[in-house]
Amino acid sequence: MKFGRVIGSVVSTQKDANLVGVKLLVIQPLDRDLVPEGSAYIAADATGQAGYGQIVTVVFSADATQAFPLPQIPVDASIVGIVDDSTIDRSAEGRG
Amino acid sequence: MKFGRVIGSVVSTQKDANLVGVKLLVIQPLDRDLVPEGSAYIAADATGQAGYGQIVTVVFSADATQAFPLPQIPVDASIVGIVDDSTIDRSAEGRG
Amino acid sequence: MKFGRVIGSVVSTQKDANLVGVKLLVIQPLDRDLVPEGSAYIAADATGQAGYGQIVTVVFSADATQAFPLPQIPVDASIVGIVDDSTIDRSAEGRG
Amino acid sequence: MKFGRVIGSVVSTQKDANLVGVKLLVIQPLDRDLVPEGSAYIAADATGQAGYGQIVTVVFSADATQAFPLPQIPVDASIVGIVDDSTIDRSAEGRG
Amino acid sequence: MKFGRVIGSVVSTQKDANLVGVKLLVIQPLDRDLVPEGSAYIAADATGQAGYGQIVTVVFSADATQAFPLPQIPVDASIVGIVDDSTIDRSAEGRG
């Protein structure tokens, strides 16, 4: 999983039938310090509760589909959690 | 998923039997502002309606196959939607 | 899928039993203008007909296995078509 | 698999039901000499025993799910081992 | 698949139960001319015969698991062959 921030949304009327009712959000990836890093992508919101500006955890690839009850859903990035807090232990980084 | 623009097509007479009848299009990836980014790839059109110049949503990897009814189809990128509109909330980006 | 050119082959006598009889070719990835881009990899020839110098379409990841009738075959890149022609619509690229 | 060091953790109360009880840790990827390389990501601890500062082996993609007994768990990176020792044979590197 | 050279090994006593008895080797990726390229990773030896300094073919992602009889094994890179010879046709590269 990677950290991301919800920064937008996508409207698409002609789409795969299994994507009807799935909320597609534009995500800006974030590094461990929650600073933007890399280019944006589109994720399906499996929590149903992610809002603009929130920090979320996103799962990729075939595992993204597992966040939805429907196995045929064609998604490769899904929001699976909303981050309350993330702690980095600076002393852990330096240990050899 | 990623945003992409349809910029070309591929003709291949000798191919996997499960790809017969599948439209293969050349896609230029786009960033969140729909500006070209990265190198082109070939996607199967699962909507059956994507045309040259259109902006589409593309799903990758094993999930690409799920956009087709036939589970044996060997594709790793599928067009699953045609984008009507994409909104980026600039104020959401800056929030900590 | 990505475009690639067949530039070599691999001989391996000690190998996975499911790879016996599978032709392994070295592929140089190509960009949309069929210019070399990125580093070479090894693909299994699912068409059985790809020859040195030919331009092919290659599928990656779990989908590569789907190009073969045997589900246990451990391949992550498969040649699924031989390209006759590829058209890029330059006017489509510039459209907003 | 890649080497990584556990450097943090994530708290998320609103999340996928299959992630309840799964410990999510922030991992700094390491190169073969166990020097930090690349950007951090979030992994699920399948060993249940990984602690801050420890060097672990992490498996990615669909295989990450296989580290857990529950097939629906939406994870794309799992800690599958704690590294006791890693040996690099410098003479092996130079051999042609 | 990619070419790689076996340059080391990993010892991990606390690990996933399905990894017990699986030999984990450190691999340096190689380009088509068998020159080191990119950063090392850990692969499971599905041939059971790979030794230090040898050039091997490595399969990635979900396909790596298919190199083992046990479907639950959490690996994302497996050694599936030992390379005897690799031929690059320089004339094939230049053909348009």
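Read from first to last, the chains carry the letters A, B, C, D and E; within each, the first residue is number 1.
Note that in this section a contact is a pair of C-beta atoms (placed from the backbone, for glycine too) under 8 Å apart; a residue touches a chain by one contact, two chains touch by 3 or more.
Quantities reported herein were computed from a predicted structural model and do not represent experimental measurements.
Engineer: When you check each chain against chain C and chain D, which touch both of them?
Structural biologist: Common contact partners of chain C and chain D, which must touch each of the two, are E.
Engineer: Counting only Cα atoms for the centres, state how far chain B is from chain E in Å.
Structural biologist: Roughly 31 Å separates the two chain centres.
Engineer: When the centre of a chain is set as the mean of its C-alpha atoms, what distance in Å lies between chain C and chain E?
Structural biologist: It comes to 19 Å between the two C-alpha centres.
Engineer: If a residue has to touch 2 or more other chains to count, which residues of chain B qualify?
Structural biologist: 61-62, 64
Engineer: Chain contact graph: line, ring, star, complete or other?
Structural biologist: Here the contact pattern is a ring, one closed loop where every chain has two partners.
Engineer: Using the touch rule from the top, order the ring's chains starting at chain B and going via chain C.
Structural biologist: B, C, E, D, A
Engineer: Using the touch definition from the top, list the residues of chain C that touch chain B in their complex.
Structural biologist: Against chain B, chain C makes touches at 1-3, 31-32, 37, 46-47, 49, 57, 59-64, 66-67, 78, 80-89, 91-93, 95-96.
Engineer: Name, in rising order, each residue of chain A that touches chain B in their complex.
Structural biologist: The touching residues are 5-16, 18-19, 24, 26, 28, 34, 36, 39-43, 52-53, 61-62, 64-65, 71-77.
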